[in-house]
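So that we are looking at the same thing, I have put the structure below in structure tokens.
Chain nomenclature is as follows: A, B and C, assigned in order of appearance, with residue numbering initiated at 1 for each chain independently.
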Amino acid sequence: MENLFVNLARALSVWLQHLGLSPFGSDLLLLVLQWTAIILIITLNVLILVWLERKISGFMQERLGPNRLGPFGCFQTIADTLKLLTKEDIIPSQTDRLIFKTAPMFFIIVSVLLYAVIPMGRDMAVVDLNVGLFYFISVGSLTTIAILMAGWASNNKWSLLGAMRSVAQMISYEIPLAFSLLGVVMITGSLNLSAIVAAQSHIWFIILQPVAFVTFFIAATAELNRGPFDMPEAEQELTAGAFTEYSGMRWALFFLAEYTNLAAVSALAATLFFGGWQGPLLPSWIWIIIKTYLIMLVFMWLKWTFPRIRMDHLMSLSWKVLIPVSLLNILVTGVGIEIFKGMRW
Amino acid sequence: MFKTDRYIINIGPQHPSTHGGLHVEAVMDGEEVVDVMVHLGYVHRSVEKIAESRTYPQFIPYAARLDYMATNLPAWGYVGAVEKLTGVAVPERAQYIRVIMGELSRIASHMMFVGSLAIDLAATTGLLYCLRDRERIMDMFEMTSGQRLLSAYMRIGGVSHDLPEEFFPAIRSFLADVPRMLDEYNGLITGNEILQARCSGIGVLDPETAIAYGVTGPNLRASGIGYDLRRADLYGFYDRFDFEVAVAQKGDCLARLLVRLEEIQQSAKIIGQALEQMPEGEILGKVPKVLKPEKGREVYHRIESAKGELGYYLVSDGTEKPARLHVRAPSFINLMVLPVISRGGKLQDIIANIATLDPVLGESDR
Amino acid sequence: MIGKGLLKGLGITAKHAFEREITQQYPEERPFLQDRFRGSLAYDYPKCIACGLCIKACPNNVLTLETYKDEDTKKKKVDSYSIDLQYCLFCNLCVEICPTDTLYFTHEFELTTDNREGIKKIYHRPPELVPAGKTAAEPKQAEKTPSTSETGDKRLKQVEAMKTALLKTPAKILGKILPTEEDVAIMSELMQGDDKILAKLAQLMIEDRDKAARVAAAWVKKGRVSGPPPGEVAPVAVAAQGRVAERPSPGEIPPAAASVAEEEEGGTGPPAPTGLSEAEVKRLKQVEAMKTALLKTPAKILAKILPAEKDVAIMSELMQGDDKILAKLAQLMIEDRDKAARVAAAWVAREKKLHQGEGGKTP
């Protein structure tokens, strides 16, 4: 069980070479297969997540949530997706059509790219980059461009306002996000996510870096555009923000991408602070799934409890609180590491 | 420096948080609000004109549809005006029942206020809890009058039904649960730091402006003026109850929320006392079959509705239909301060301001 | 400490996440309705004294009453009564003013229909009260009290003119509303034979051309099948309004349950008396068999459609006392079991209510 997927990949690779493909060709084909698997898993995962979110919000509000289609309404999202797929594709006449059409695709591509470096089990990162964390943060910040594209191309004031908020928010929150991860990197001495997981074999970094986790979590919520920081959408103010003019499957792509991001960031949090795939008894890939889902539950819990923060409060929270705190955390971590070293010697 | 252009953004009439067909035109400079214009009339149903073609009793269901969030209060105001016009006496028990149902309506309206403020600030769950508790009031309305939302319960000279037996245990348990409900709202909504940050110091309405604009009701009391018609212009036995007029000092969105939470408590207190004092007896006074007030008589009757001073100006021409009815709708007048309190704020503050002014568009557009 | 409020809020939502839901799963779980619940407005024909107070009380002109003068007692009686629920405010004013409890609110709250006509409720005079052989002369005595005061002389004059025109050039005018020449011929014959039909048609032609076409088509069809005396056909014209359209005559419904049956009936009705197809004959036989079975073992069969034993007893008594109820029930049992259950429940409820009324308990 433990090495199910790894062995599967190895067997496939051997079989492909056996068929007469060059090692490069078989690797390429394997990569394609891996990506297909990831995309499949992501789509399935989003179906589950949407259902879960509706269910959880329902429970919190003393409702049942979806309960008509299938056991506990679990086929509801599938029906919704089918509905979205069959809807008319409306593109308003005054839009910048090319950008309008590419924005959702760009968003989803960026979100899927995030999964390249996350180790989904022992030896189960698609690409085990040595600058994995750096890659994750830099690719993750690209989603802003997709939202900006959507907002700009829609030619709608609500959309533009949503897009601008998104840009401001991303720029502000990239910094505390990166700073809060620095503490982890300093302890590990590596940007490689697998190495970071390996470094947590004795103690999870949430215990060593609690402050970093809190700042990371807040910044990540903002990065994900989730409540209480869902500025670009801001249904109550901006109707649907950057996505106002989108409908049908194009809108659904944004939705899909947001949930994909949510899962990716939660997986990253699990990797950095909760020991990644490490855990007793169960296979590693099950452990990361469990941890990711628990973190996502917390995200949902927050969203359905808190009101939305105001835009300027959001900015001041980032610049006046999160950045100083995360900087301080780097300082403390550095001093702590030195002391630790000194004690050992 | 960058040169910035002002732009106009239209909030409503189709918008998630305008509480109906309200159109707010905001002149914006980035995220800052330069000016706000309120456009009304999207829910105009010509209620006042309808009154001229209906007999006095026939208008009661329409009056109940003015402020559908607190349906018994506008109906009470209307029947009060007609009683003043015709001199019909109301039995004591009926008056107590009116107080109970009116205060229940006020609680329902304020619960809706708290909930809608929560959802306008994106705390969806808060709304659902408020709706859940309001549902118990709706059940009580159904018990008594047969209708949940638009009960048309008031009658000229009394009320349409006596309170049923099952009403008393229901209301007692409701009153007993009010503190628990308020605890929950305070924990989830009022106590939340994000909400406090979004409400305190936002949309400040100073007492002078409030008076100048004719703002009444909880919005005025939130600005530090304890003007409550239940005390200031007595009607319906309010002198027999021991309750305090809820007042807050700051005049901001948070004060408007706190005043309403306090009023829920005070209303519960009034209902408790009314239940104890209520005598047995008739629920409908002696009302002539055909109501024909003296020609040329006119009255103005006002009550403290959930939104403020709700006044009815009635003119009789000697027939069984009024010659003219004018409704002084508190929502309409309260909405007029929206530009004043929104200027200089942020876009998101407009939403909080609309929510805390608590307009009901059915009443303001009539 | 900052963040305390946030944590408290999280605690509250978390606590509620593990509580039981408070919502009702509506179509499966039926809501509990209070006694006084105001659902659909209903009308009880036998109790009505045609005083018209309800019509005066109604703020929105929902109610319409048509009366005739009873020759024996010289009293006004109800010919038909209609409730246009789409305009109803459910304000209770008519129910309160009614001196005989004729109007009442039922607990039925699913009032949506997919067409405007279906939402109108029309109650007709039971056929026993229509004097035999006098139908042709009746319209002249019938006194109309429409709720609106708009039916002016102008309309009447127009109708008169239309009548004359119809008699002079039937083919030309009827050609506009009937598709084939054959139909026109049948219709003009019908019309010339019966003043009432003529009057009705003329009126409809003035008021609503489409409806005139529909009604005329129905008459023609009827005339073609059996050719009954025109006097009996006439009620169709009245019945063609609203949801009781195409019902041959209200004769199959027992008077006590007339109003209920009207509510429940929808568009279908008992089969036409003549020109039966084979399937209809077969069904008639089935209905007869069901009748016999119902009389033999009422408890067994009724238990299938009625929940309580008490209800079964009431129903079987009702059924044995009245052939029409029996016939109706048997027919419904064959055609639509669910509907039979609903109608039976309504009958039982009415019976219970009547008994309660006798007990002196005021609603």
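Basically, a contact is a pair of C-beta atoms (placed from the backbone, for glycine too) under 8 Å apart; a residue touches a chain by one contact, two chains touch by 3 or more.
Remember, it's a predicted structure, so these values are computed and weren't measured experimentally.
K.L.:
Could you let me know which interface, A-B or A-C, is made of more C-beta pairs in contact?
P.N.:
A-B
K.L.:
What chain lies closest to the overall centre, CA atoms only?
P.N.:
Taking the mean of C-alpha atoms per chain, the most central one is B.
K.L.:
Using mean Cα positions as chain centres, tell me which chain lies farthest from chain C.
P.N.:
A
K.L.:
Round to the nearest whole Å and give the separation of the Cα centres of chain B and chain C.
P.N.:
41
K.L.:
What's the distance between the Cα centroids of chain A and chain C, rounded to whole Å?
P.N.:
Comparing mean C-alpha positions, chain C is 61 Å from chain A.
K.L.:
Report the inter-chain centroid distance for chain A and chain B in whole angstrom, where each centroid is the mean of the CA atoms.
P.N.:
The answer is 45 Å.
K.L.:
Of all the residues in chain C, which ones touch at least 2 other chains?
P.N.:
Chain C, residues with two or more chain partners: 6, 9, 12-13, 16, 22.
K.L.:
Residues of chain B that contact two or more other chains, please.
P.N.:
Within chain B, residues 125, 129, 132, 188-189, 192, 194 contact more than one other chain.
K.L.:
By the touch rule stated above, which residues of chain A touch at least two different other chains?
P.N.:
As it turns out, chain A has residues touching two or more other chains at 60-63, 304-306.
K.L.:
Please give the residue numbers of chain A that touch chain B in the complex, ascending.
P.N.:
So the residues of chain A in touch with chain B come to 57, 60-63, 157-158, 161, 165, 227-228, 230, 234-237, 239, 304-313.
K.L.:
In their shared complex, at which residues does chain B touch chain A?
P.N.:
Where chain B meets chain A, its residues are 7, 9, 15-17, 31, 118-126, 128-129, 132, 188-189, 192, 194-195, 197-198, 346-349, 351.
K.L.:
Please output the residues of chain C touching chain A within their complex, sorted ascending.
P.N.:
6, 9-10, 12-14, 16-23, 25
K.L.:
Could you list, by residue number, the parts of chain C that touch chain B in their complex?
P.N.:
Per the touch definition, chain C meets chain B at residues 2-6, 8-9, 11-13, 16, 22, 33-38, 57-59, 89-93, 96, 105.
K.L.:
Please give the residue numbers of chain B that touch chain C in the complex, ascending.
P.N.:
Touching chain C from chain B are residues 54, 57-62, 125, 129, 132, 135, 139, 142-147, 150, 152, 160-161, 164, 166, 184, 187-189, 191-194, 196.
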